[in-house]
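Below is a structure I'd like to ask you about.
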Amino acid sequence: MTRPDARAIQDYILKAFPTPDGEPEIVIEEVSASAARLRMPSKSWHLRPGATVSGPTQMALADSAAWCLLMHNLGFSAASSVTSNLNMSFLSRPASVDLIAHAQLLKLGKRLSVSEVRLHSEGHEQPVAHATVTYAVIFAKEGGP
Amino acid sequence: MTRPDARAIQDYILKAFPTPDGEPEIVIEEVSASAARLRMPSKSWHLRPGATVSGPTQMALADSAAWCLLMHNLGFSAASSVTSNLNMSFLSRPASVDLIAHAQLLKLGKRLSVSEVRLHSEGHEQPVAHATVTYAVIFAKEGGP
Amino acid sequence: MTRPDARAIQDYILKAFPTPDGEPEIVIEEVSASAARLRMPSKSWHLRPGATVSGPTQMALADSAAWCLLMHNLGFSAASSVTSNLNMSFLSRPASVDLIAHAQLLKLGKRLSVSEVRLHSEGHEQPVAHATVTYAVIFAKEGGP
Amino acid sequence: MTRPDARAIQDYILKAFPTPDGEPEIVIEEVSASAARLRMPSKSWHLRPGATVSGPTQMALADSAAWCLLMHNLGFSAASSVTSNLNMSFLSRPASVDLIAHAQLLKLGKRLSVSEVRLHSEGHEQPVAHATVTYAVIFAKEGGP
């Protein structure tokens, strides 16, 4: 299997969940066997009341980062893997800029994959949130979609 | 202080986050000192690809349920309290019906409040998700908004 | 398969981890398909400095309660199942009395089992801790020990 | 305030919880404002059945590492701070060697402190467990012990 790179994973998501303008809501900047970096542009959420990133949005970004690591390591036949646990600590209020996620793979098992994800506002060093994301690994049956 | 009831909390949310049609995305059905029941109507998410409730949407519902318990117990002067931790286990795929949240207050401290929340699809007994939600209690300064 | 009852599970543990006086450190009081109640007698920890139950001891009790539910439902061929995640919120300081655990099974899957556990000091209503415990279900190979 | 160093924190623990032979069960190897490294010698648990480190023991080590970071940053007047949440993912079975904890401070707030802790068996690169530990910061009243 060739490991899907950042662009291939990005294309896969956009095909599954098309956006009105064809621009991704979350940008996959880098992915390797052990780490990934994703960016959520501030325009995705900037105009909301409060002008900050909601908790669920932060959780969605952390979850996406963990899923990217899984795709890179296992390929799209594992695309239907599901999050079994997400634990998130909210540390400080995000600034009104892009939100960056750094994910690290802690374990890639046959049944469970565990990643650690830190979120920080671009240009700020202190993390705004920290997540541990566990995926139940599910492979599509052969000859499947 | 009079404890805000379900309707008062609902109105407070709709005023802060108006919806296009004036209908709430999440309906607060009941709230008492120790428990709350909320409902997310399926129309809120029914037309999405997959026709199921995403993980972040489930987390948003659990978070709202915990916040309602806090408002009922402490009043709106604690409205700016923030989630400090949310741990969610995803148990099974929600059905294409309304999603119900049952929240129970585990602790109401001066600084931290902890609630347990179970989500289940209407008409189904098995929970689809279970969350523990911790809030850092923050009171607005007197004379504040 | 006959479901092992509280006594059978208790005997199994004592055989695997004998105690000096033959008395169990943790007493399994009741177990059903959906719930279990365990007791940690205060004599097990009463003489320590501080005369309270340490965090790790509370975690051990919660973990045992989740394991009992698994044994009752799946039998001892699943005895080598391992905890994959334990999330615990410490709510208040336990009193110097027996510690009681009430566990509820949230999910019994082929690969993962999730239980919720509340701990409270005997005679006190408020919980001292709340845990969510996830087990990776592992069956011994046939003809195994 | 002078920040207590590794030796000072070690002495503080041994005075509060003396061991039979005066040797610490957990060795604090390094502590700085942002990170700490602790070691649990295998002799502490080597003779148990199974010859591996139990889950609660791993949780105790992670908790100690987070507490050390707090002591270094805030001094012993914060010694009565309490763990409010501990979330631990168990990744693989520890080997029969010393267990090492690397802790990183994610947040040091006035009320809450959050640390991330990875455990690995000495000489092994892959982590055996990952924890997020939240402390409620509590300062002793002035003139107190």
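For reference, chains read A, B, C and D in written order, and residue numbers begin at 1 within each chain.
Keep this in mind: a contact is a pair of C-beta atoms (placed from the backbone, for glycine too) under 8 Å apart; a residue touches a chain by one contact, two chains touch by 3 or more.
All figures in this text were calculated on a predicted structure; none of them were measured in a lab.
Participant: With chain centres defined as mean CA positions, report which chain is farthest from subunit B.
Facilitator: Centroid comparison gives D as the farthest chain from subunit B.
Participant: Where are there more C-beta contacts: A-C or C-D?
Facilitator: Top pair by contacting C-beta pairs is C-D.
Participant: I'd like to verify one number: the distance from the centre of subunit A to the centre of subunit D, where each centre is the average of its C-alpha atoms, in whole angstrom.
Facilitator: Between these chains, centre-to-centre, one finds 30 Å.
Participant: At what distance in angstrom does the C-alpha mean of subunit C lie from that of subunit A?
Facilitator: Chain centres of subunit A and subunit C, defined by C-alpha means, are spaced 35 Å apart.
Participant: Rounded to a whole Å, what is the gap between the Cα centroids of subunit C and subunit D?
Facilitator: 24
Participant: Give the residues of subunit B touching no fewer than two other chains, as numbers and ranges.
Facilitator: In subunit B, 84-85, 87, 89, 134 touch at least two other chains.
Participant: Write out the stretch or stretches of subunit B touching subunit D in their complex.
Facilitator: Within the complex, subunit B touches subunit D at residues 84-85, 87, 111-112, 134, 136.
Participant: How about subunit C: which of its residues touch subunit B in the complex?
Facilitator: The touching residues are 87, 89, 91-92, 106-107, 114, 116, 118, 126-127, 130, 132, 134.
Participant: What part of subunit B is in contact with subunit A in the complex they form?
Facilitator: Where subunit B meets subunit A, its residues are 16-17, 49, 54-57, 59-60, 63, 82-90, 93.
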